Amino acid sequence: MQIQNFKQVVDEYKVIFFDAFGVIKNYMGLVPGIEKTFEYLEENNKPYYIVTNDASRSPVQLAESFHRMGLKAIRYDHIISSGMLAKEYLDLKVHHGIVAYLGTANSAHYIETSGLHTLPVSMVDESNIDQVNALVLLDDEGFDWFKDLNKSINILRRRNIPTIVANTDTAYPLNINDVSIAIGGIATMMENIVGKKFIRFGKPDSQMFMFAYDLVREQMPIGKKDILMVGDTLHTDILGGNKFGFDTVLVFTGNTLAEDAETRITSSGIVPTYICDTAVIS
Amino acid sequence: MQIQNFKQVVDEYKVIFFDAFGVIKNYMGLVPGIEKTFEYLEENNKPYYIVTNDASRSPVQLAESFHRMGLKAIRYDHIISSGMLAKEYLDLKVHHGIVAYLGTANSAHYIETSGLHTLPVSMVDESNIDQVNALVLLDDEGFDWFKDLNKSINILRRRNIPTIVANTDTAYPLNINDVSIAIGGIATMMENIVGKKFIRFGKPDSQMFMFAYDLVREQMPIGKKDILMVGDTLHTDILGGNKFGFDTVLVFTGNTLAEDAETRITSSGIVPTYICDTAVIS
Amino acid sequence: MQIQNFKQVVDEYKVIFFDAFGVIKNYMGLVPGIEKTFEYLEENNKPYYIVTNDASRSPVQLAESFHRMGLKAIRYDHIISSGMLAKEYLDLKVHHGIVAYLGTANSAHYIETSGLHTLPVSMVDESNIDQVNALVLLDDEGFDWFKDLNKSINILRRRNIPTIVANTDTAYPLNINDVSIAIGGIATMMENIVGKKFIRFGKPDSQMFMFAYDLVREQMPIGKKDILMVGDTLHTDILGGNKFGFDTVLVFTGNTLAEDAETRITSSGIVPTYICDTAVIS
Amino acid sequence: MQIQNFKQVVDEYKVIFFDAFGVIKNYMGLVPGIEKTFEYLEENNKPYYIVTNDASRSPVQLAESFHRMGLKAIRYDHIISSGMLAKEYLDLKVHHGIVAYLGTANSAHYIETSGLHTLPVSMVDESNIDQVNALVLLDDEGFDWFKDLNKSINILRRRNIPTIVANTDTAYPLNINDVSIAIGGIATMMENIVGKKFIRFGKPDSQMFMFAYDLVREQMPIGKKDILMVGDTLHTDILGGNKFGFDTVLVFTGNTLAEDAETRITSSGIVPTYICDTAVIS
């Protein structure tokens, strides 16, 4: 396992895609020094995109949170979230009625679209259940797990409607020791119980990368060979990036620790093009 | 699909095993007339056993609930529950310390055993986590899903201890329309997140049938051919009974409706020896 | 379940995507009358694309087979196969050495690319195994299952290389009664045994639809709303089309029979936008 | 991770159960010195049983193979194989007609039972398919994989009959580098394709342990606490033994290497009661 210098790797590509959590920030805040990476990209005219499985907030809110942490360079229109794909799906495929959701009001605000009414699962009842035309799983917070997960199951038994999962992760780190169950983990339990096929957006699925790739190509003529995907998680960032045809780099500031990397790469068969300690260019 | 008369089927066997929910009772109470079946068995000296995936109460409490409903014939020592297997496991394999649990105080009371201290997951903290030597999943009620499911995940990341699931069902019927997520469904989600192998008790697992079969054999010389298993669910009662070597009968008073039975039998490949409308002998 | 007229559905869209097997042809040959559909599309200047999980032949060979059957209208450059995605992956991500494959020589011929040497798994040995940089699963024919599946497993235990599966189907129909195990079914068995993550191309994966969508957009300004996906299989054509944002139509000339459609749609939760008996415009 | 002396562990128990492959023998032949273990057991009047997932031969043939290797102590009536459970199932549950099988003639010879006719899958045809009342998967050798796996799938689509899998392993070691796909791995692929539930016998399933436990109890009054299960594989020997209520010991002469043991125990959550280098008592 050869560790390479991130700056030298970046120099080989025209556009850089970053995962957010575990690469730019983690549960302690910004990865120290990461602002220098974005300065370097700007100086060298290398566009970047953040490709994140975070559907709890809109790109504008995600950008603001980076700004509050001190990373001013991140522009909202350079952030691609799995929530954007959920929103696009609703725009294209659900034309009227109610979209019931599990998540915070914030996460739901973002998917609102003309002609559709968003409603928390807790407020679905006999008077409106016949108008529910989609269920969207956005976030693990903002609802009563016992009441609303059971209610969601029974809505899906009554209504043959699409269920959209806007985050494929099963858990996320809370601090150095602990994790929290993510909505993607809950979604799999619900899918098994109702026996129906949910529609999932988020890495490693190609649709995330396609969305970002389309945005880049609108601005410059470019091929998949010119793009580098930077991530901390083999099963999402690296598997998805590889499959889409990008070169990939694994960093050690998040889910994958330096001491476990070789074992995990061998046992999973998911091989990044490069391995770097960090995405910080110092 | 040939429907047979339950009394004629019963007459061919020496001992009858019954599932509880969906055969003797359902969400509306006792299956009307079921008390006549137990009168008939008594008159004809045919021992019966109730083999149930219900770990929420002790056999004594389960028997009392039948008595309150009006079915006086059911004796507690003829009830085999998956909770009994959880209790046997703890007796044999966990010799000291704390057994943390998810479920009601009632369900936990039953698994108490000398030398072990049972504690709800909500009361595990830094002061006692190092003494937690097993986690037992008993019931879907009696705890805060959000707090305690997340806490359970993190206990299992800190302690390499056995996790016992005392009910393999993923959901159970609440009323004619609605179901409720069962602890077995939650267990699968937790197992996937922590990546560890849980120990499950309950039909279709052979251990349930073996426990009952051992009890019968203590009382009379008998073979598997002499026992009939009566159930409403193909994937638990019928699959498990068939695999153990019992003849099986599917009834339509619970999970499997008469109109769906043929499709479900064909698509699952789980074929009962007999099909009857009900376990009521009228 | 309302059955609609295919011509009226088609009239609402600018571009039509078709699955091949079960829509245009089946095990008996061309679907009778299907040539009229392509005449109608031509007359009305509606471009079409064939989007198929068939990686056993190149688009040129697939087009020729349509021509031999009597459907002259199908142009090779309107056929998108999962084999094309496998080829693109190798072009982008594997730069030298040997690509070992399971499949016929025909299927392998198509994925040949400059700088890479394709070799059937049967010809991998101690002298060349260290140069094997990818394994591609193309077809269920053209190799000895016992010898070459076992050999493939052991290659993957020795070499930490990407495994590409160019067909996600698990089985395909041979005649009215019988099916044949497809390479996608074999791939899952191998993946479980070696414990590694394979890279799969083919519907319902978005990458198939993106490839076709990119081709269309090179020729005309168009959005996802303007495209109709026609298929016979809920889990591939309809699920994948829906997820990508296309409207979808289910037809009954292949995997889904008219009498089963409603049950399957309800139990899977995969709901086509329209249902038509056939894609024939008469 | 504390390594203990096998002799001292054995001294704590009255009866010892052994896995065969990886404990008593491996691909190189007998584990050197293992005959001393059986001498010690005999001297100390400790009964032993071999509990093996090998359905390719009868207990008599398995015992003879130990004798040929030089281990004369192993008696055939102390060997419990998953093939015995398959045979018991057929005796109890299939009363007439043909049992089709995948495996060698040797493996099928053993499951022959009065009134049933065993027939290799290759010999099932239109003239006899209607009499086929069970399919048994015994061994990965003795048939043409391509022809007979496809044929088996189509038999199961035509006949709604039980499928019995007499070996749950997915692969087995051939030599220090290579493995071979086992019939249990093939069974999972077939089960997924036909969508039916197969009946599996073999560790970690409790039925294996129950069969052996019943044999022991016929000879001496004994409880689960008095029995030690010795195995080399966490997911079969140790998980199954633990669940049944036995104390367990992991040895390093087979599937689990000393250097991997701690990682595997932690990541799987399957914790043996003891860990020893070997089952040899020197």
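Letters A, B, C and D name the chains as they come in the text, with residue numbers starting at 1 for each one.
Assume contacts are C-beta pairs under 8 Å (C-beta built on N, C-alpha and C of every residue); 3 or more make two chains touch, one makes a residue touch a chain.
Predicted, not measured: the structure shown is a model, and the values here were computed from it.
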Worksheet entry | Separation of chain C from chain B in steps, with touching chains one step apart | 2
Practice prompt. Averaging each chain's C-alpha atoms to get its centre, pick out the one most distant from chain C.
Written response: B
Worksheet item: Roughly how many whole angstrom separate the Cα centroids of chain A and chain B?
Response: 40
Worksheet item: Distance from the CA centroid of chain A to that of chain D, rounded to the nearest Å?
Response: 44
Item to complete: Give, as an integer number of Å, the spacing between the C-alpha centres of chain D and chain B.
Response: 28
Worksheet, complete the sentence: Pairwise, the chains that touch are A-B, A-C, B-D, C-D
Worksheet, complete the sentence: Per the touch rule, the chain B residues reaching chain D in their complex are 88-89, 92-93, 156, 160-163, 194-199, 205-207, 210, 224-225, 235, 239, 242-245, 247, 265-271
Worksheet item: Taking the complex as given, what residues does chain A use to touch chain B?
Response: 144-146, 149-150, 153-154, 157-158, 170-171, 177-181, 185-186, 188-189, 192-193
